[in-house]
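To start, the structure under review is shown below, and the notes come after it.
Order as written gives the chain letters A, B, C and D; numbering starts at 1 within each chain.
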Amino acid sequence: MNPVNYLYLAALLFTIGATGVLIRRNAIVVFMCIELMLNACNLAFVTFSRMHGNLDGQVIAFFTMVVAAAEVVVGLAIIVSLFRSRHSASVDDASLMKL
Amino acid sequence: MENLIALLVAAPLLGAAVLLCGGRRLDAVGHWIGTVLAFVSFAFGVILFADLLGKDAEHRTLMQHLFSWVPVQGFQADVTFRLDQLSMTFVLLITGVGSLIHLYSVGYMEHDERRRRFFGYLNLFLAAMLLLVIADNYLLLYVGWEGVGLASYLLIGFWQHKPSAATAAKKAFLVNRVGDMGLSIAIMLMFATFGTFAFGPVFGHVGDTSEGKLTAIALMLLLAACGKSAQVPLQSWLGDAMEGPTPVSALIHAATMVTAGVYLIVRSGAIFNAAPNAQLVVTVVGAVTLLFGAIVGCAKDDIKKALAGSTMSQIGYMVLAAGLGPIGYVFAIMHLVTHGFFKAGLFLGAGSVMHGMNDEVDMRKYGGLRKYMPVTFITFGLGYLAIIGFPGLSGFFSKDKIIEAAFAKGGTEGWILGACALLGAAITAFYMTRVMLMTFFGEERWKNQPTRSPQSPSAEPAAEHHGEHAEPHPHESPKVMTIPMIVLAVGSVFGGAFFSIGDRFLHWLEPVTGHSEGDSPVSAATVTGATMVCLIIGVGIAYAMYGRRTVPSVAPRGSLLTRAARRDLLQDDFNHVVLVRGGEHLTRSLVYVDHTLVDGVVNGTAASVGGLSGRMRRLQNGFARSYAVSMFGGAAVLVAATLLMRAV
Amino acid sequence: MSFPLLTATAVLPAIGAIATAAVPAARRTAAKWLALLVSLATLALAITILVRFDPDGSRYQLTESHSWIAYFGVRYELGVDGIAVALIALTALLMPFIILAGWHDADPLETGSRRWRPTQGFFALILAVEAMVIISFEATDVFLFYIFFEAMLIPMYFLIGGFGDRAHEHGEEAASTQRSYAAVKFLLYNLIGGLIMLAAVIGLYVVAGNFSLQEIAQARANGSLHMATSTERWLFLGFFFAFAVKAPLWPLHTWLPNAMQESTAPVAVLITAVVDKVGTFAMLRFCLQLFPEASKWATPVILVLALISIVYGALLAVGQRDIKRLVAYASISHFGFIILGIFAMTSQGQSGATLYMVNHGISTAALMLVAGFLISRRGSRLIGDYGGVQKVAPVLAGTFLIGGLATLSLPGLAPFVSEFLVLVGTFTRYPAVGIIATFGIVLAALYTLVLYQRTMTGPVKKEVSAMPDLRVRELVVVAPLIVLLVFLGVYPKPVTDIVNPAVKSTLSDVHKKDPKPPVEAAK
Amino acid sequence: MSASAVHSLWTTAATAADPITKIDAPKIEYGQLSPTLIVVGAAIIGVLIEAFVPRKSRYVAQVFMSAVALCAAFAAVVALAADGYGTTKAHIAAMGAIAVDGPSLFLQGTILLAGLVGLFTFAERRLDPEAHGNRVDSFAAQAASVPGSDSEKAAVKAGFTTTEVFPLLLFAISGMLVFPSANDLLTLFVALEVFSLPLYLLCALARRKRLMSQEAAVKYFLLGAFASAFTLFGIALLYGYAGSVSYARIAQVVDGTVTNVDPALADTMGNDALLLVGGAMIVMGLLFKVGAVPFHMWTPDVYQGAPTPVTGFMASATKVAAFGALLRLLYVVLPGLRWDWRPVMWAVAIITMLGGAIVAITQTDIKRLLAYSSIAHAGFILAGVIATSKDGVSSVLFYLAAYSFVTLGAFAVVTLVRDAGGEATHLSKWAGLGRRSPLVAAVFAVFLLAFAGIPLTSGFAGKFAVFKAAAEGGAAPLVVIGVISSAVAAFFYIRVIVLMFFSEPRPEGPTVAVPSPLTMTAIGLGVVVTLVLGVAPQYFLDLANQAGVFVR
């Protein structure tokens, strides 16, 4: 089938992820949506690499995974500490600072 | 010899500086310093006069160039003095009368602890006035012009603790400023037209320029003259100026300063001659003022105010004469000099009376003073005869000549002006007789009643010691005061005759002012006759009203005209309503505008930015997700915009 | 190269400022004396400039030129023409008096830690202002000028906001809020003006490629640098706006009354007599030289604004209840005259304007400082709180009167000469404008005499009945100023001789000739 | 599925099928990468120190080692620059991954100095009162413990200190060093994450006001990750467009010198769409880092919540790095697209300048105020970026250098003004500071005036340089708006000065702590640089000018 469709899929996933970030409250879920966006990027990379017929994209995908993993480590650390001090993982609760 | 000219001014200026900066240690001798320096200046005047007489008529002009004052490309204002017959006349008048009045003041101000300063001011005035008359260009003249204004301001307001005095002083200065505006505009016009404002060049090139320009210049000069010489419409300050000590009224507001306007017109004769329309205006102003002043003079009960009115009207005569051109210049000056004598004498007499009457100025509280202060009575009487133009006395000659000249103007206006002059003569006779009778004759209305009219609290400390007791003890003034009065009386008796016999004065001045006999429709004799008739009528009426009947010590309500005249023919009320009130409203509203509009706009902008900030700030609501929304939106817009850029 | 006289004149007060600020808290008096001595030394330097300057020599003299920020094409270029010399002399001259007059204005209040050193700060700031003003008079590099034109706002700002009249009708708290309002207003007005000028400065660089006044002016003259008409006009407006705010010209004037009202008298003098002069000076030097055509294009509007300033300022002065505000509005009226003289573009007008800057400086200083002494005695700025002062303090009243008479430009005192020159210069080219401006002299008489009458004459108010007369220090401040007023009124030639050549060359920059009188009588 | 695609796939498969005789090792110019390598190495050593050095001596070891490393790295940068790598020998190192040229060296130097100053403020231990007899810095004793819990108290009692901040700092710096010199999109992305992640953590480590600190961390992290996801997708699209992530390659494709667009892509989506959308998304990621409107909203909250030393470091170094990357992206990769992105950037710059300045007016917290001012400054710098000229580049470089030191100094001063609850950041508490401690107030006033761009401060020189470049680049309206907004900005800087000097001090007002030489050097350096760059900027301007050329 036409690899371009994979691109459409990637774009779709990305949008879903972004929407999730915008509408979900729970920090963990928001974070997962971001991961989803990253994976959408990966898909796009792989597809492009396939279409261009060079391996750069696939290599980049690996990098992305590593970075995503690192982000998970940091992100979870932060979110967990927040959760422990507030007993809630809701992003909206964390709004001491405003205006 | 030229170098003496500067000394004329220097002497009194030195006096002023010493006395004003000297401090209290000079209090003891200050007045004598001032007086001596005044006489010194007079001495210089006499020497110079002798020198001038030594020369032949055509070369009687001394010039002294001191230094270049304001040199800017094309604009050359130098400190140069010019002493010709005209200036000389004034120099003698000013220094002569001035010195006498200094002398008089020594006695008059004896009890004032600020006497030193008084003499400082008097000297300052002499210096400024002399500068005015010997300046060789209009700008320097302007300096003297405002200088005398300043001196008059300081002297009118000399008793500054009296609000009325302070106000009068301010008023005098302001009204004069309006006149000065005219003078400065005139100078600008001259500079724009001739590229200079020195007498010689300007008069020399009058021929080369259009009549319109000249008329403009002349009218501006006239405005200045009106201010200084209290001519309608700028006359209102003179009456109030009587708040000043009497010697000041005598020197500044009778003999010298107020005549500066006449000097200006005569000095600028060349310009006026070339601008007949302007001359017509001058004559009209003169005629109106001489009637105005006379009428006001009739109504006043305050002896000084009455005299002030008369001054106004006499100067009206001079201005009228000056307006007539070469026909009248000489006589204007002549009347000016004689008036200087008798009016100064009259004022000094009035001062002497007040001195004896605890500074009472209301004539209705005088009466029968002749036997208490004989010298004053005689000198005052001579002055009186002089001013009404009693045959043989100085007023007779000078005024008569002016009336003739008025007729000699010819044409309808000649008749009208002449008529006014005659009428004026009649009224003069009336009000002066009234003053005379109310003061020196009739029963002694000051007996058994406390003087001191409440509305004028004690001015002179003289009153403060032998002040508040029931009734005054009229007494003759000390020698130091009477001597000047006597001298002036002599002058006012013989001055006119001396000048007129053989036309001495005419020949003396003619080189400067030029002279022409007009074509008078009526003979000199007729005019004299008419004047006599007017004189008799005036005196007669006055005698009927004030000599025969007893004078009520409280002023009767009087006719409408009288009441109007008491209030300077409502001219002050007009000023008050239109200028003062209107001005107050204007300034108040402007202050409001400045605060709300001009300032408000700025503050408003600032406030609106602040409000905007407050609103924008609410977007920052602390919710991470809404931040994300803005980012997402931003990204979307960014992408869309980029694509759009490519599309268009 | 020779001794950098101009730099020295500017640097000396700067060093003095630092030194003064460094004086330890306990030694206030030492700081005062130090400041006074520095200002006197600066005066000495200024006088040497006056002596070394040759009126008939080249246009800019004592020039110094060093590379500074080559990357911006900015050079450290100093040079003085007659106008600058006159104004530098004025500045250096007034400073000792200002310092002396403010001798006790900054003695510390109770509050504040012992490290808080208001006195040192006060005098240091004054000297800093002097340094910046002087160098902006000397700068012939637009950028250099701009930097100090802007930078001088900061010390002024602290002077206005930090130090005010001691006794205040509404108490110290209200006073400090009003002060900071005035200070902020001053700073924002001038800063906005300056920033708009910054845009114009950048624009000028883009067009001209460098900042050297002389180079650009020459290039304009010989046509090698062409500016599009619209560009020139925009740039001119950018410059003029800043200077008009500084001057101040109606309707950009409203900061001045607040600033002068809230600051102490010496600082008020500093504002109106010294700092504001930079604005008018800059119009003369930069606007006319850099943008001659645009200047001519804008002249009608500017003349009208100047006229409004004259009349409006005078009328508002009449309506004031606060002595200092009154003087402030009077100054606005006077600045109207100065600007009128500059843009009349006649030699009389511009010489008059320059002379006016000097004279106005001296006369306002005299009037304002005496007013300050008066206020410090009674502790109120309201005219209504006074009356009959001349009875109890005749010398004070006398000096006050002389200051007032100078303000209403009485002949024989210095301001008369300059005012008349301005009027004549304006009249020869724009008669109507000249005549309207003449009304200013009547109004001036009005507000001055009303002020004098209300405060000094009349029955003695009991609050003032115990008022002491001028002290020695105060006499030392006032007397020389009055002497100067009289001297320059009688013999202004020394100043005009210095100024005239500079004005001549300025006029040639704008290709204007004096209108010839139809009748050449003088020749 | 188009034929050509299959064909290309086969060919690659074929080449891949060939027996591999030898792999030629990639050529890495270690010397030229030394600055980065030193810092990374130091960071790793730091981790080891955490692991093996006893708690007592960690602090000293960490501080000493980091300081040495940063100085060494800076020395290396200077050496490289002196060796001409900034100008003549500028080239692309590490197989095209890293550019060693003027801008990167200049920015690396700036970042390293900023990092050093940041390190000093991190290491400050005199401000807080001693807890149980041992000095404490502004970081949580034990980040893991719940705020206010017993474990936290225990940690404090035990005198724990989070010395991990130093390795984290070093990692962040290393990422920032790479960021502006990255020469392909992948490196760019990795560098972005490398310096972002440590910052996220550092934000969470405040000793006082931990809830706010954690909140700041969460917001920063989530939004940052969100933004980097966009960046990554943008990278993917560009890769799709050009078939490569190397800047040079993409630039060539954009210019049309080479065309290797996969026909399949070409006919499905007009390939420019890929380019434009991808470019826009990457730029958006960078604009997020520089805090440009509308991607700025994290700035105030994070600046306020993070420990002040971190804020200072972040505010200066992040901006430097991000603008460096932005410049390189726009000047090296997308110059061919100038006419597409310039108008957009115009708009961004304008709203950033005005927005930042206007909102700042009504701020009541000094840290938030500085945050908004940093937004406004981002706008000014963007004006220089838009100039698209050599002058534009060098002016931006100069501005960044000047700005970063002022910012560090300002935040360092903020750490000094304290009351019972830690730093007294509410403006009302600053009232009358000038009376209590004139020196501190004066120093802070200097910084504020520099922010406001008053002449004789570095702020003015920078602003002038940027506006001048913009004007010459034909962006006169931008200059005017910039001038207006700096007038607005001036208002709130002045407000603070008024507060400090002209208003009466409160009785219960804050005290000013006497810092250790560390913070003193930080502040002193800030003042010195501010004044030197204000009075005699010539040398540094020349430096920036020489460094103004990107290697392609």
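Everything below uses one rule, namely that a residue touches a chain if its C-beta (ideal position, glycine included) is under 8 Å from a C-beta of that chain, and two chains touch if they have at least 3 such contacts.
Chain labels with UniProt names: A = NADH-quinone oxidoreductase subunit K.
Quick caveat, the model's predicted, so the values are computed rather than measured.
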Identity of the chain that, by mean CA position, is farthest from subunit D: B
C-D or B-C, whichever has more C-beta pairs in contact: B-C
Chain centre separation (subunit C, subunit D; CA means) in Å: 46
Whole-Å gap separating subunit B and subunit C, where each centre is the average of the chain's CA atoms: 37
Gap in Å, rounded to a whole number, between the CA centres of subunit B and subunit A: 97
Computed distance of Cα centres, subunit D from subunit A, in Å: 23
Per-residue overlap in subunit A, given as positions that touch at least 2 other chains: 18, 21, 30, 91, 94-98
Subunit D: positions in contact with at least two other chains: 218-219, 222, 226, 230, 300-301, 491
Touching two or more other chains - residue numbers and ranges from subunit B: 606, 617, 620, 622, 624, 628
Every chain pair in contact, whichever chains are involved: A-B, A-D, B-C, B-D, C-D
Complex contacts: residues of subunit B adjacent to subunit C: 20, 67-76, 139, 142-143, 145-147, 150, 153, 157, 160-161, 163, 165-167, 170, 173-174, 177-178, 180-181, 184-185, 187-189, 191-196, 201-202, 204-205, 208-209, 583, 586-588, 590-591, 594, 598-599, 602, 606
Subunit B-touching residues of subunit A, taken from the complex the two chains share: 18, 21-23, 25, 30, 91-92, 94-99
Contacting residues of subunit D [partner subunit C, same complex]: 434-439, 449, 454-456, 460-461, 464-465, 467-468, 471-472, 476, 479-480, 483-484, 486-487, 490-491, 494-495, 498, 501-505, 536-538, 541-542, 545
In the complex with subunit B, residue positions of subunit C that touch it: 188-189, 250-251, 253-254, 312, 315-316, 318-320, 347-348, 351-352, 388, 390-391, 398, 405, 410-412, 416-417, 420-421, 423-424, 427-428, 431, 434-435, 438-439, 441-442, 445-446, 449-450, 453, 456-460, 490-493, 496-497, 500, 503-504, 514-523
Residues on subunit B engaged by subunit A in the complex (per definition of touch): 617-618, 620-625, 628-629, 632
